[in-house]
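Chain IDs A, B, C and D follow the sequence of writing; residue 1 opens each chain.
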Amino acid sequence: MALPVPLRGVIPPVCTPLDAHGEVDTTSLTRLVTHLLDGGVHGLFALGSSGEAAFLSDARRATALETVIKAADGRVPVLAGAIDTTTARVLDHARTAADLGADALVATAPFYTRTHPREIAAHFRRIRTAVGLPLFAYDIPMAVHSKLPTALVVELAEDGTLAGLKDSSGDDGALRRLAVRLGGRTARRTGPAPGFTLLTGSELTVDAALLAGADGVVPGLCNVDPAGYVRLYDAARAGDWERAAAEQERLVALFDMTDAGPESEMGRSSSALGSFKAALRLLGVIEHGATAFPQLPLSEESVAEVGRRLTSASLPPVR
Amino acid sequence: MALPVPLRGVIPPVCTPLDAHGEVDTTSLTRLVTHLLDGGVHGLFALGSSGEAAFLSDARRATALETVIKAADGRVPVLAGAIDTTTARVLDHARTAADLGADALVATAPFYTRTHPREIAAHFRRIRTAVGLPLFAYDIPMAVHSKLPTALVVELAEDGTLAGLKDSSGDDGALRRLAVRLGGRTARRTGPAPGFTLLTGSELTVDAALLAGADGVVPGLCNVDPAGYVRLYDAARAGDWERAAAEQERLVALFDMTDAGPESEMGRSSSALGSFKAALRLLGVIEHGATAFPQLPLSEESVAEVGRRLTSASLPPVR
Amino acid sequence: MALPVPLRGVIPPVCTPLDAHGEVDTTSLTRLVTHLLDGGVHGLFALGSSGEAAFLSDARRATALETVIKAADGRVPVLAGAIDTTTARVLDHARTAADLGADALVATAPFYTRTHPREIAAHFRRIRTAVGLPLFAYDIPMAVHSKLPTALVVELAEDGTLAGLKDSSGDDGALRRLAVRLGGRTARRTGPAPGFTLLTGSELTVDAALLAGADGVVPGLCNVDPAGYVRLYDAARAGDWERAAAEQERLVALFDMTDAGPESEMGRSSSALGSFKAALRLLGVIEHGATAFPQLPLSEESVAEVGRRLTSASLPPVR
Amino acid sequence: MALPVPLRGVIPPVCTPLDAHGEVDTTSLTRLVTHLLDGGVHGLFALGSSGEAAFLSDARRATALETVIKAADGRVPVLAGAIDTTTARVLDHARTAADLGADALVATAPFYTRTHPREIAAHFRRIRTAVGLPLFAYDIPMAVHSKLPTALVVELAEDGTLAGLKDSSGDDGALRRLAVRLGGRTARRTGPAPGFTLLTGSELTVDAALLAGADGVVPGLCNVDPAGYVRLYDAARAGDWERAAAEQERLVALFDMTDAGPESEMGRSSSALGSFKAALRLLGVIEHGATAFPQLPLSEESVAEVGRRLTSASLPPVR
């Protein structure tokens, strides 16, 4: 389907359920997509960090993306992460995603290597021209260890290289500066890059990002509670900021599930993604809560804690 | 004066004007305080990072604080930074501040050394008990290279060690989690630390912080445009979030002045503080725009750029 | 061929020459291997950071490795980098390397994601058991943004998971502590992990690493001057530390070529790898000096500087 | 006394023993200086990181420095740390040190603030000209979070601003590059900065630093075993690198005492400095093992572990 310009709404970074052998559980993934669409989301982002793209072999990535696209069935656009160290490798993923029918690509700055902004610009330009799909820059310094400079994003927005930005930097001040550079809340659509889409990857400051003029939101926690983020989005769009903030607060409390795994025992990724998957299993959406190897599993006690968080947030477990 | 509990409103981190010899220009500083009070601010924070505390000798710190307290003349509370590497050194500053009549203290976690959260807790507890003034924790990882853990702040809020937090971490997600842990927008005053004050040090996401439940704001740029931040604060308090966001956008554009000094030629601190002081000089508030040694001065061209930013933000230079 | 236990000597991380289209220039690569073997090296490490593995598609990686193995023709062992974000992806590269005839594997800790030491241990154990080749851990925090803890390396050395460590951390103090934990210069071969191989990736402190008990050295600059590093190695093995240090100093001066590209204009990776390749072209070893996209090319002036460095180090350019 | 040019030998960063009230225990400190001089050291560095300068009030700093100078009694030169955030504050410490009779000053780059290399250069130049004492730059990125660029040190060495460098960066490759830039092992004394002194702050790679051409060594662990470091230094000076390395290995094993305090329970500074002081107490040199507040004390079990390390290194506890 043609990607809306700008892309607006709630676009969850879809988790990738796995079976007992670490293979993509396509039945659970299909059910998860249904769960998200039933929640009212406006798009799907497959093979992002929450989708554990960094943990999936090429074959598993293709299976996951194919399953999401098939399950979405054209009802909402599907963005596909093309996550790899540098341009040539990203291009291989990007071409696969295009072949499988993705509606847009999401790529980070190069990582593993030390890169100059001019090299990052060349990277995005090459991807854009080599593959005929709208391209979103994925700003995620926690993973790639560089922050996309605001001036660089503006340049690539203005010249049409980028269709949008998914900001997972946690730097809401920089997001605000970018929004203002592009014209701000009232003039962005007539500014230097009128179709440019601003998305926040935050779970915790979605109301703030929307107040700042973001078009959409891509929160990992949305896998667990899509309807909640849609309510938050709708309240913000309606200008009911008090209601948006109240919904945000409920979701902030729910997000505490990501601390279920003790920091002394597992990585932060294992704990966060493990809690999302445990929640989805407790809610009856997916079959297994396992994260991809070598992430360590949540203990029974941690899973019980996830269950308590669900209950507190009015999302009672069904098993 | 007794510190309001909680402390609410706009509390600028007061710049410290210097004369041609690097000494505190008390006449200019007095005029700056008047400028801020005329703008409607609700408190003053002396000897913070914007006040160049890290650059001032003990004697100059005392002069600056004394001048601010005298100029405020009891009309608003004065918070005093007690910035130093570890507890014993902070205590010396804290006692001086108490003697000079400060209404509250602001202290960071230890820096220069590598410290454990339990040691940070002991640090704040010792400061609180040794000096009979309300104590605010200053969370500024950019300067001290550690982030105050949310659980630690909650613990020190609940047991009464901390009167509040000045969050200059730029991590608005963490600020939101803290606000929710303390009860959130509706229940924070009846929560586990009912009098605890949440302040954001951001210039760029003040509307968002207030939407999240912050009590007050401490933006360095407020030195330049106190009335703007007071308008933003008032709009937010009145629930007019659209107006708050519009004011915020104007201030975000004004904040671009902090990039006036090229990154290849000077430190980020020199550029930001230099632009604030250049603006205050152009507005006729202070006499000299010099920052403290060894910060490099803005070029004439950079000062002209600051002037253009002022004009764009409807704050025309008077010289 | 069977890998010597321990693996000793000079084992260059082989550069990957590219043609004008960015494809692996197998003729130049074959010539480079001959150049290295003629210089007296004791092994070859293909697809490391100096080999630009992070920039090569799977197909180009396979071509490069195949070419190196064929050119080595069993005269020295060939180690193959299996560089990717996490275990499943590393395994795909590792199996290809095994199929192509590599003698050992080199893998980093997971990157892009945030990982716990227990997860890193599981990662290396799974690779070791899934592929029947000796496994070297590649400690390169500059790229993967975590440092392998000494205790973890000791554990994986003792239980036979790791055949060795390639230390590119630049932390020579930690390398020394590891060497002593394993028994030190005199007792390491009878210590808890008698066959364990310690390799340093440093260009600049090779004499020091050998004095500390390292078995071998993997310096990127060795591509340019293999004979120099072999002389350094031989002097150290002969206990002639003064001669080793003198040779090291010549190579340190030669290493200044890596600064040929101005930091304001290109990434540090482009400058370093670009200078190695420019030098190899000037020496007549490879055809083109191009680095992989999106790295920026050295300017003519920078290439001339590389030429001057070669001349100063008694390696006069032939073109 | 006049400072030797260059300054050569073992120059321990003297610990600051404290009494039960946190005051400087001058009797123990005097005994510690005697212990160090008896061990054969060639100079003393007071008020460095190992001296807990960051934890001492101005009054305690003065007491500590005065005690060291008096105890040294002109037998070896005394260097004094002047550790503070920026120039004006450093100058106050520097003047006190000069008044108390220090033979040289040691200062870091500015910290707490974000500083440009040109500002760092101005900082050192101002200190040098304002106080008539030889000035050593203290490169300690772990504490000040910036690394002194090699080119900057060369510039300040050549123009006479700096008498030397104390390198506590742990980056032995950079130290090697600096040494070569200054002429290397054979030509440094006739190079661009003939009198410049290179000191390493490493405990673990002293033999390597001396092989690279360092003039002297400033290891914190030297407080515990001065005679060991002097033996290591003498062996290196005599060109007996095997004996130097063997002594270094014994000291590396002894350094494991710094891990006595569990990372989950205390800061790394507390554990390292706590272990040095516990060792000095067990050896009968100082009265109390306490570190400065808010550092947490070692447990009894950790102190016992320190004792075992001493015994293993042939330094049996006397209590």
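By definition in this document, a contact is a pair of C-beta atoms (placed from the backbone, for glycine too) under 8 Å apart; a residue touches a chain by one contact, two chains touch by 3 or more.
According to UniProt, the chain labels map to these proteins: A, B, C, D = Dihydrodipicolinate synthase family protein.
These numbers were taken from a predicted model, which means no experiment stands behind them.
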Task: Chains contacting each of chain A and chain B, listed by label - done: none
Task: Farthest-lying chain, centroid of Cα atoms versus that of chain B - done: C
Task: Same-residue or different-residue interface between chain B and chain D, half as cut-off - done: same
Task: Intercentroid distance (Cα basis), chain D paired with chain B, Å - done: 36
- [ ] Quick one: report the Å distance separating chain A from chain D, using the average Cα coordinate of each chain.
- [x] 49
TODO: Would you pick out the residues of chain B that each touch at least 2 other chains?
DONE: none
TODO: By the touch definition up top, name every chain pair that qualifies.
DONE: A-B, A-C, B-D, C-D
- [ ] Over in the complex, which chain D residues touch chain B? Could you list them?
- [x] 22, 49, 54-58, 60, 83, 85-89, 91-92, 110-116, 118-120, 122-123, 126, 142-145, 265-270, 292-296
Open item on the list: With touch defined as at the start, can you tell me which chain A residues reach chain B in the complex?
Closed with: 170-173, 176-177, 180, 184-186, 202-205, 207-208, 211-213, 239, 241-242, 245-246, 248-249, 252-253, 255-256
